[in-house]
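In what follows, chain A forms one complex with chain B and a second complex with chain C.
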Partner chain A sequence: MKLTLKIWRQENAKTKGKMVTYEMSDLSQDMSFLEMLDVLNQSLAIKGERVIEFDHDCREGICGQCSLVINGQAHGPESHYTTCQTHLRSFKDGDTLYIEPFRANSFPVIRDLKVDRSSMDKIIQAGGYISSFTGMAPEANAIPIHHDIAESAFDSAACIGCGACVATCKNSSAALFVSAKISHLAKLPQGKVEREERVQWMINAHDEEGFGSCTNTGACAMVCPQEVQLIDITRMNFEYNRALCHSKE
Partner chain B sequence: MAFKKGLFKTSIGRKNLMAFTGLFIIFFLIIHLIGNLILIIPNSFFPIEFWNNVANVHDMYNAYSHFLVHFWPVTIVAYILYAAIIIHVIDALLITLKNKKTQGEKYIIADNSTSSWYSRNMGVLGVFIGVFIVLHMAQFWLQYKILKIEHDLYHLVIATFKIWWYVLIYEIGIIALGFHLVHGIESAHRSLGVYHQKMMQIVQLIALYFSLVMAILFAIIPIILYFK
Partner chain C sequence: MALNAKIPEGPLKDKWQNYLAKTHIVNPANRKKLDIIVVGGGLSGGGAAASLAELGYNVKVFFFQDSARRSHSVAAQGGVNAAKNYKNDGDNVYRMFYDTIKGGDFRSREANVYRMSEVSVDLIDHMVAQGVPFGREYSGYLSNRSFGGVLVSRTFYARGQTGQQLLMATYQAMMKQVKVGTLKQYKRHEILDIVIVNGKARGIIARDLDTGKIERHAAHAVVFGTGGFGKIFYLSTLAMNSNGSANWRAHKKGAYFANPSWTQIHPTALPQAGEHQSKLTLMSESLRNDGRIWVPKKKDETRAPGDIPDEDRDYYLERRYPAFGNLVPRDVASRAAKERMDAGHGVGPLKNAVYLDFKTAIEKLGVDTIRERYGNLFTMYEKITAINAYKEPMKISPAAHFSMGGLWVDYELQTSIPGLFAVGEANFADHGANRLGANSLLQASVDGNFILPNTISNYLSNEIRAGKISTDTPEFEEAEKAVKEQVEKLLAIKGTMPVDKIHRRLGKIMFKEVAMSRNEKGLKWAIEEIKKLRKEFWENVAVSGDQNGPNSELEKAGRLADYLEIAELMAVDALNRKESCGAHFREDFQTEDGEAMRDDKNFMYSSAWEWENGDNWKLHKEPLEFTEVKPTVRSYK
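Then we have the complex of A and B:
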């Protein structure tokens, strides 16, 4: 199959970027989207041109490293997929694809399609953990947890931190990302110990890193590869308000 | 109970303020609508003998507005309402401006299929409502209550809604309000943390039907008065 690719090329965060057109032919429908970019890069390398930089690592939908916005859709046209799981069979022969980086002020472009998502790491560092003694792994059944709660906590914990929610949000809010971690820990007994501090620290970090205010449009949950639910944001808001109106004594 | 700073300041705190003020304004809207519906009571309904012998709509409406202006608890609630609207607008401005700044470069191709147009354009809908509120206040509140040019409010209302472009502006304002409310009611409950999936579905349904009923009832009043 044939595709016309219009790809965002940008030297670094300081320079202006632009779309560059590449014609691709002899593609197979069974190729993954990233394999197609590999093929394109191979041909650029042979011609001695600078290859297109894009993020990827596991290529099986678990690491959250791949990104890209394809025709305006974060992680491409399939809902709840990562870019690395997207295959060319999702497109039609002769399609034109606009390939852009995740765009948000908190995600500065490193080069081409690669963006710096360390702002999300800073939010996790601010409170996305529990304090406990290190050493031997504790006995797994020492703290009884209801099966449904464990499942629900796991659904929130499934966030792979890819940032598609931020890329899609018209406010560039990282609310879904933050709320996944807040909800994951708020649901479990281990997380309840520091629940008041955690939500305040993480929200403050979220705001300091320059992410916007959530207006509940719900676009984030529609693209999330792990299907983290919008209700997690609502739970985070509850946790935040609870923390501000509640004192430990 | 100890409130900490940030309740109305951070990205979430600002949304609390939006939600509280927004929901308060909605409470007012319900009362306002009920009062206005007096205007479309058919003449055949009068006189109401068992209730102060009200002879016609004119008397009933003016009695109602006289009550509003002269009953002091209503005055207090009215001032809270003015404050709520002003805080809501300023907070909306702060949120919308900050959110404009956090966006990076615009996407060359934008796909908006993942959210509703009215949820993305609350600020724009709000501006429509804002313009409408200013006009509305200038026409009725200013002339009747502040400048006291017009003493017969019923007369003023009837005369106003004989002007076709005024009716048109009114209708546009109401449509904007309807859409603002559909998202606003859901969003307010989310902002305040109603994190129950079933409850949220009920809130969504209420938001839709409540907004629809409010918008339709508000919208028919000027149309009926125009053709009366």
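Then we have the complex of A and C:
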């Protein structure tokens, strides 16, 4: 099959970028989207041209390193996929594809399609953990956790931190990402001790890092590769209000 | 240097406690004067970084990903083993130790394996406390499943994303220490060399992958949690950027490389679909709990799998290994699949796969139970292949997966370079010639969280008077210069062969002759081919762009340059070992019914290779002494 690729090229965060067109032919439907970029990069390398920088690592949808907005959709046309799981069978022969980086003020472009998502790490640093040190733990079965609670905590914990929610949100909010971690830990008895500090610290960090506010559009949950649910944002708001009511000050 | 594994005195079951009782530790006030560099932010490196930072050392952690949460531990699916005996099925530390020793075909170090089994119990407690949402029974207590090579259920799991969940816990523990200020992270940094001063590891040379800047970093000790090098096969279950470079650079500076040829070929990955393919996605071994593996009895079977009646199917694992059936260890399962495919029974368009069928399990347990157990794996399968595995069997195929070999370490996890430690997959001792499923997450985590923090102090207790280590020394100068020269050399070639193409060719050589089945002629051929390919690489590789910023081709080229040397040592190691054991199957050493034939008289040792200038290695042998177990023929029949 043949595809026309219009790919965002940008030297660094300080320079202006632009779309550059590449014609691809002899592609197979079974190729993954990133394998197509591999082929393109090989042809650029032989010609001595700078290759297209894009993020990827595990290529099985779990590390969260791959990004890309394809034809306006974070992680491409299939819902709840990552870019690395997207295959060319999702496109038609002769299609033109617009390939851009995840765009958000909190995700500055490093080069081409690579962006810096350190801002998400900083939110976790603010409080997205349980402050138990190695060696402190009691016997694992000492605290029974209802099967359904554990499963529900897993649903939130499954977030891969890719940032597609941010790239999709019209406000560039990371609410779904933050709420997934807050919900994961608040649901579990181990995480309840610090729930009040955690939610406040994380939400403050979210705002300090320049992410926008959530206006409950729900676009984030439509693209999330791990299908993190919108109700986690409700849980986050509940936790936040609960924390204010329970303020120890 | 003679090998000294420093195995503590006393009976096997007391060794670790004896060690802990006598080892030197560092006064809390002195810990903040000691700097430690950790390379790798995954379960082993990240666990070490977090635990050492909690103790109060100054820790710097380096990784090439943009966040430690993306380290490849994230991709481990099935679970983590621990001898909790929650199932009352007769499990205990000794049984777990024995299963692991036997699984490794009596080629691992007894004391290390016992310690790993012993500490496994604490690890589950630790991970639960960190918030890992392990699977639970309706009573609220932790649930277990079974894995290949064992007869008990000792595997803890978080659906099919156990690695991700353990890594999140570890990553969060790291982030907590970043906030406290005892841990500093250097993301998107790749290690290009290690610096030795007066015989001790004193720092690293790293490249900032965003700016291209070459940096010097010094410390009192260096810890490698750098993972495995299975990506050498190009097509593998590893992440695209996983590499063997840090280990190899350390090897060239004096660290011995142990059992480099022992690569686990995982039996249940997705088959290659075409020439463009970059990755073979793993399907967790846990699927073999409920899935049955078969191929058509007829060679040129044209019927769809669903139309083939039971009498025309060959459930070859159940046929050959009735005791363990579909749950034989990985090396056995992979080899059996290869045997069937070589005999012309492979399925799929390229005849390079076997069926993994859930029909029986779905009939017995219902589709909902199967979905709860493996839902995400079925979804992942469908995303990649567009096939619904609830309705028709999966097609699976063996793929390069885990490096049992790695940097040689003693009982303290210290390499043959004083001050350089290796944890997790980067080292060697625990898995012998074949790793059991769900022991990888275990080893990585216990090395990082529980073992290294207790052994590194023995070394660091002698460093409290060393003062700050300077990077302004001739040793750093020289190492930096060599790194810069290599970068410039790679950019100056301006050839016509893309890095990936050369890597793919290397992978083909390795998969053909240095993978599931080896022989003398093939290995000698492989060594010649690797040398030729290496020459071609240095004459004709195409690396475009420059070094002053991100350049993924340059990164890949540097890693491939090292792979082209590691490959040769792997073949040299396989050639030296004239026996079959675990994943190392020599066609010239097999029984009449095609099983591995060990030679305990001549090869009851770990091979530790010392780099000698040029492409020459000196072999050191660490004899393996078994005090508690008697090596037997490993049978799963």
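Criterion: the second predicted complex is superposed on the first by the 243 of 249 C-alpha atoms of A that agree within 3 Å, B and C clash if a C-alpha of one lies under 4 Å from a C-alpha of the other, contacts with A are read in each partner's own complex, and residues count from 1 in each chain.
As a working rule, a contact is a pair of C-beta atoms (placed from the backbone, for glycine too) under 8 Å apart; a residue touches a chain by one contact, two chains touch by 3 or more.
All values derive from a computational prediction rather than experimental measurement.
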| item | value |
| --- | --- |
| Contacts of A:Ser32 with chain B and chain C, given as first, second, both or neither | second |
| Which of chain B and chain C A:Ala153 touches, first, second, both or neither | second |
| Which of chain B and chain C A:His56 touches, first, second, both or neither | second |
| Partner chain in contact with A:Met222 - chain B first, chain C second, else both or neither | first |
| Which partner reaches more residues of chain A (counting touched residues only), chain B or chain C | C |
| Chain B versus chain C as contact partner of A:Met120, first or second or both or neither | second |
| Residues of chain A defined as touching chain B within the complex | 6, 8, 17, 19, 69, 71-73, 98, 100, 103-108, 168, 170-173, 175, 200, 203-204, 206-207, 210-219, 222-223, 229-247 |
| Touching residues on chain A, where the partner in the complex is chain C | 11-12, 28, 30-32, 34-35, 38-39, 41-42, 44-51, 53, 55-65, 78, 81, 85, 87, 89, 110-111, 114, 116-118, 120-121, 124-126, 128-141, 143-147, 150-151, 153-154, 157-158, 160-161, 184-185, 188, 190-191 |
| Partner chain A, residues of chain C touching it in the complex | 47, 50-51, 54, 65-67, 69-72, 74-75, 84, 86, 122, 124-131, 133-142, 158-159, 161, 164-165, 168, 171-173, 175-176, 178-179, 187, 210, 239-241, 273-274, 276-279, 281-282, 380, 383-384, 386, 449-450, 453, 494, 496, 498-501, 542-546, 549-553 |
| Touching residues (chain side chain B, partner chain A) in the complex | 1-4, 6-7, 10-16, 95, 98-99, 101-112, 114-116, 119-120, 122, 183, 186-187, 189-197, 200 |
